[in-house]
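You will see chain A twice below: alongside chain B first, and alongside chain C after that.
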Partner chain A sequence: MGLLVARDLTVSASLDGGRVPVIRDLSFTLKAGKMLGLVGESGAGKSMVGRTVAQLLPSGFAVSGGSLVFSEANLVTMEPEARRALLGREIAFIPQEPLSALNPVLTIRTQFDEHLARIGVAAGDRRPRMLELFDAVHLPHAADLLRRYPHQLSGGMCQRVLIAFAFASKPKLVIADEPTTALDVTIQARIVRLIAEMQERENTAVVFITHDLRLAAQVCDDILVLYAGRAVEYGPARQVFATSGHPYTRCLQLANPAMSGKRRGLYALPERMPGLRAWNGIKGCAFAPRCPNVIEDCTRAMPPLVEVGPNHAAACIRADKTARIAAPALVPAAEPRQTAPVLEVSGLGKRFVAGGLLRRSEVAALSDVGFSLHENEFIGIVGESGSGKSTLARLIVGLETPSQGRIAIAGHDASHPDFDEHRRRHVQMVFQDPQSALNPRRRVASIVTQPLEAAGVATWEERLARADLLLGEIGLPPEAAMRFPQQLSGGQRQRVNIARALCAVPRILIADEIVSGLDVSVQAQLLNLLAALRRERQFSMLFISHDLSVVRHLCDRVLVMYRGEVVESGPTEQVFAAPAHEYTRMLLAAVPPDDPAEVWQGLHA
Partner chain B sequence: MSARPTWLRSGRVLFGLAIVIAIALIALAAPLLAPHEPNEQNLISIFLPPAWANGGDAAFPLGTDSLGRCVLSRLIYGARVAMMVAIVASLGAMLIGAVLAHIAGYFGGWIDWLVGRTVDVWMSFPPVILSLILMVGLGIGLRNVILAIVLVDWTRFCRVLRSEVLVVRRRDYVAAARLVGFSHWRTITREILPSTMPLTITLLSLEMGIAVIVEAILSFVGMSVGANTPAWGQMIADARQYIYDSPWNLVFPILMIFITVLGFNVLGDGLRRALDVRLTETRRA
Partner chain C sequence: MTSILSLIARRIFVSVAILVIVSALLFCILRRLPVDPAAMSLPPNATLAEIEAKRHEMGLDLPLFRQYLIWLGQVAYGDLGISIHFRRGVAGLITSTLPATIELAVLAMLIAGALGIAGGLFMFHVRGTAREAVADAGSIALLSLPEFLWGLFFILLFGVALELLPFTGRLSSGFERPVITGFLLLDTLLMRRLDMFWDALKHMILPSLALGLAFSPTIMRVLRSSLIDVYQEDYIHQARLRGLSERRILVHHALKNAILPTLSLMGVQFGFLFGGTLLIEVIYSYPGLGNLMVDAVRNADLPIIQAVGLAYCVVVLAINTVVDALYVVLNPKLRVT
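Let's look at the complex of A and B:
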């Protein structure tokens, strides 16, 4: 008997007057001391499972069938009073965004004290318990930490504080909802290790919600893959990963760039998961429209979960054919031209002035950075947040002025009388967050042709014609031209963002974390798009990312940045295969390896 | 997309707009609507009660004042001053405030510091005293009332809009516009202004209500338009001396001010709810 057992659990939402199941016939068993990974793209219903356990469902959502049993008590039919007593004591949560989960105006001590009081720790025992817990989550200077406010801590520290909160009551079950999504890779490894450690020590069961299949395969005992509210695959983590039964699991794996071995093409799932509104209308397998193995029978009836191995089930009628799905061959990009570099940076530094008129101090965000970018070359810049990656980008495009050093673009530097104009013609930037980078009051056609508007010569008809061309190039349907950004999906918005930068036909594109925060399938689509654009357009790019696998896939060379300095640079393959600097080694170790059977150094370091 | 924009579907907006338009129409059509000349004196029939009360005269529907002038006619003509001040003064205050707010918020640095401190100093004067001092300096007259209100109230716009501009300024699309070659002017007008417009309109509507009150205060102390132009504040001041003889004369102008300000405030509140980007964006998401 498991600790948390779901049987045909169905959660439905009222939408447009009808009811749509957001989770359908979900069954799983989680034993004490085990970790279950819930994996899937955003909108697949992963978080709904956690919210159902906590009874934190949004209004209009309700459990409409099945049972969810926690140590022999059915959570669905339980009295609210009894359930509240369970939550926080027997069942604890680790939230996605640590900073917004803590109250910014109360000290850590006040909040911890409240939490301990709620779970019934006597007043005199609270302080020693706090120190003990902070020690368990490897937070140094615990006594000092208690006096601080959340904004004085880093994201990783806040997450550790919340893990300490979660394990304070020695719960039987912990639900971690994407606990590392907002954090750096190096911190991700530490947090995951910490959760695993606490789980082992207290024999706690953990539901680990994540979109990262590779991470789940490393740390979880079992994996449940969700698609459009249904379990499409369920089984032991290594088996699900190594011998995927469902094409969706296989495709997610192939969409992720490899960290070792030869570079391969990315399998980019077409389209996207149907939205909630469409779920009622799906007759057959919800994945059928995107499935490479689809046959006519797939659209007739919903395929049941069938056994494909010991304790391993997949909802596919052609599960035996799944292994045949292969990543497309990598289309090689043209070699960078070893002519004069289009961008030369030398001795570049930037200091920011902190503090007011009195205690003025200077902070070096960047010091002595130098490199050159050749025509048709992609350079990846990696490093943790705060390493100066974004500052470098902003200096090159001219959003900040350098404190020292030289930037030369296509042979001209700041001494050239028309440098700004010259730079504008040759360099464009793609911003990280399309939500903020696209004016919500402009239509797509107006956004992508903004460079024409700046020149002030094109008529609206000319701009529409140009928008049509650009949308074709970046793979958006022509009717998207008259939409507003908020009517598009995240991936589509990022394409619009790229199209605007391309409209000015730049020779250098600066991309600041443009695929972070997107689902792997969307990320694969965008990476393939960038590779295709590179073949057609012949441009150079500085690709800033914290995701090393993406950089390995896309870039010819890589710069590793640490505290405002370039600590290592060289051809990507070489740097990744034989890192010279200690910091690069640490970054690489923090990424979960491709093969779950391999030992993840970051987890055991 | 529906035929009517969201802001016109709000009940508050429609209610406020109806009051404001009605009063504006009354002001425009004053010569047609008023039964008498507003300054025409009728010394034999002073302090007449309203027509429905005991001893009322049908020729003076709302009675007469201490000089036998028709109260209804004076109220109707008084709407002209009120509406004129409300519209012109608040537009003027908006113009100065919004321009300075956009320049300060957009460029930042010492410009922002200068504008910010000016607003601080300006706001530390009590507004009514400041406008009284201005009126003493400028002399009475409609144009000077408007000028006084503009000079006092531009700070309201400036302070609120500046913080809004600061928020929008940090959006990446503003940086992106600069990178594709937009001039400062074009960036402000095409990227920032559309985002601050809803707030500006909302503030404008609230400011109109405030302008009506300020004008009433100034004319109450005789520092507004001249005695020959009927204004609601003036009527209150006149009636105050004869409050025991004729309480009605006090009630009607107060009621007019109340209704007008209510109209502007409900309109402003409705617009705020309907146009607030944060609210509409969550609805879309």
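Let's look at the complex of A and C:
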């Protein structure tokens, strides 16, 4: 008997007057001391499972069938007060956004004290217990930390504090909802290790919700893959990854760029998961419209979960054909031209002034950065947040002025009278968050042709014609031209964002984390798009990313930044295969390996 | 702590600058009025020559800028001039009426705050139910009634019809008005005259309630919407996941955050409320700054108008400084450590 057992659990939402199942017939068994990974793209219903355990569903959502049994008590039919008594004591949660999960106006101590009081720790024992728990989650200077407010801590520290909260009551079940997504890569491994360590110590069962398949493969015992609210595959982690039964699992793996071995093409699933509103109309397999192995039978009836191995099931009628799905061949990019560089940076530094009138101090955000970008070359810039990646980008685009050093674009530097003009024409930036980078009150056609508007030469008809061309190039249908940004999906918005930068036919594109926060299938689509554009357009790019695998896939060379300095640079594959700098080694170790059978250095270091 | 002190220091510096500008504006506008202080301070049968001599004596023949500088110099020494009508020092008139108005405004603000917070909590509590529409309509009705209508209504209801409460002046006849600080409620307590304290309080209930009621609906609505925003935050969801009771989440987590925008609104509101005392004082024959101002305007008593205008300005600036400091105390993100 498991600790948490779901049997045909169905959660539905009232939508447009009807009810749509957001979780359908979900069954799983989680035993004490085990970790179950819930994976899938955003909107698949992963987080809804966690919320169902707490029965804190968004309004309009309710369990409409099946059972969810915790320690032999059905959470669905339980009295709300009895269920609340379990929360924080027997069932604890680790959130996705550690910084916003703590109350900003209360000290850590006040909040910890409240939690300990709630789980029944006597007033006199609370402080020693806090210090003991902080020690367990490897938080130094515990006494000082207690006096702090959440905004004074880093995301990683906040997450440790929240893990200490979660394990304070020695819970039987912990639900970790994307606990490392908002954190830096180097911290990710440590946080995951910490959760695993605490789990072992208290023999806790953990539900680990993540979109990162490699991570799930490393830390989870069992994996459950969700697609459009249904379990499409369920089984032991290693088997789910090594011998995937469902095409979706296989395609997601192939959409992820490899961290070792030869570079390969990315499998970009077409379209995207159907939205909630469409779920009721789905007949047969929800994945069928995107599936490379689809046959007519797939659309007739919803395929049941069938055994494909020991304790391993997949909801596919052609599971035996799944292994045949292969990534497309890598189309080689044109070699960078070793002529005069289009961008030359030398001795670049930026200092920011901190503090007020009295205690004025200078902080170096960037010091002595130098490199050159050749025509048709993609350079990746990697490093943790705060390493100066974005400052470098902003300096090159001209959003900040350098404190020292030289930037030369196509041979002209700041001493040239037309430098600004020159820079505007040749350098374009794509920002990280298309949601906020695109004016919500403008139509797509007007957004993507903004550079023409700035030049003030084109008529509206000319702009529409140009928009049509651009949209074709970035793979959006022509009718998208008259849409508003909020009518598009996240991936489509990022395409619009890229199209706008391409409109001016720049020679240099600066992309700041443009694929982070997107689902792997969308990420693969965008990476393939960038590679195709590079072949057709011949432009150079500075590609800033915290995701090493993406940089490895896309970039010819890489700059590794640490505390405002470039600590290592060179051809991407070479640097990643044989890193010379300690920091590069650390970054690489923080990424879970491609092969789940391989030992993850970062987790066991 | 240092950040709060430096904030206050900065605010005082800015306030002085604002005061100089406001006083210059006041001075110029008042001097442009078609009234002649010299003629007014002489008997009606004075000759033109006498008036001219008086003008010279009062410095009214000097350029406006010189006149202003002279006046400013006197103000710096606490000399606000002599009232043309009362023939008394303006400074004395101000110090005897300002405390009454401050007392009234503070009491009204407390009432507005209490009603606003209670109403905001109620409106938040009934959100999404049928009662929400009723609460919403009620708050809009409150919002659309100005303080003087409440004032008149209360006089008719509680004063005239029910004869429950007094509605003129600050004290019933028969009480000797004590002067220690000028704040009547405080003075009566200092003298341990509870009967007198009670009498003074009864006189203040209707005017302060009228003012407070008029200013409470905005506070209600802002608190309600801040609470709704705060309840969208992750930390509220997380508190629920820790199994905290809804009551505890409201009091210890939501309210402490939602009160911040409400508080800054109350700071702004206080300025309007302080201006609103003028009409209420007139309606209730309450001997404060407002009545002094109205008398002064009626008599074209320029020194008083000028001084009262400045006094309003000082009070509003002081309150805003206090609210800003309080905001820093309550919001740790603004504290530099």
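What we mean here is this: the second predicted complex is superposed on the first by the 605 of 605 C-alpha atoms of A that agree within 3 Å, B and C clash if a C-alpha of one lies under 4 Å from a C-alpha of the other, contacts with A are read in each partner's own complex, and residues count from 1 in each chain.
One rule holds for everything that comes next: a contact is a pair of C-beta atoms (placed from the backbone, for glycine too) under 8 Å apart; a residue touches a chain by one contact, two chains touch by 3 or more.
From a predicted model like this one, the values you see are computed outputs, not experimental measurements.
**Q** Scan A:439 for contacts with chain B and chain C and give back first, second, both or neither.
**A** The first partner, chain B, only.
**Q** With the two structures laid over each other on chain A, which partner does A:454 touch: chain B (first), chain C (second), both, or neither?
**A** Only chain B; A:454 stays clear of chain C.
**Q** Quick one: classify A:542 as touching chain B (first), chain C (second), both or neither.
**A** Neither partner.
**Q** Is A:397 in contact with chain B, with chain C, with both, or with neither (first, second, both, neither)?
**A** A:397 contacts chain B only, not chain C.
**Q** Just chain B (first), just chain C (second), both, or neither: which does A:429 touch?
**A** After superposition on chain A, A:429 lies in contact with chain B alone.
**Q** In the overlay, answer first, second, both or neither for which of chain B and chain C A:317 touches.
**A** A:317 sits against neither chain B nor chain C.
**Q** Which partner does A:88 contact after superposing on A: first (chain B), second (chain C), both, neither?
**A** Touch status of A:88: second partner only.
**Q** Classify the contacts of A:187 with the two partner chains as first (chain B alone), second (chain C alone), both, or neither.
**A** Neither chain B nor chain C is touched by A:187.
**Q** Would you pull the chain B residues touching chain A in the complex into a rising list?
**A** 171-173, 175-183, 186, 190-191, 194-195, 277, 281, 284-285
**Q** Per the contact definition, I'd like the list of chain A residues that touch chain B in the complex.
**A** Going by the criterion above, the answer is residues 397-399, 424, 428-429, 431-433, 436-441, 450-451, 453-455, 486, 500, 503-504.
**Q** Quick check on the complex: what are the chain A residues that touch chain C?
**A** Chain A reaches chain C through residues 54, 56, 84-89, 92-93, 95, 97, 100-107, 114-115, 118, 149, 151-152, 162, 165, 356.
**Q** Hey, which residues of chain C end up touching chain A in the complex?
**A** 6, 233-235, 237-245, 248, 252-253, 256-257, 260, 330-333, 336-337
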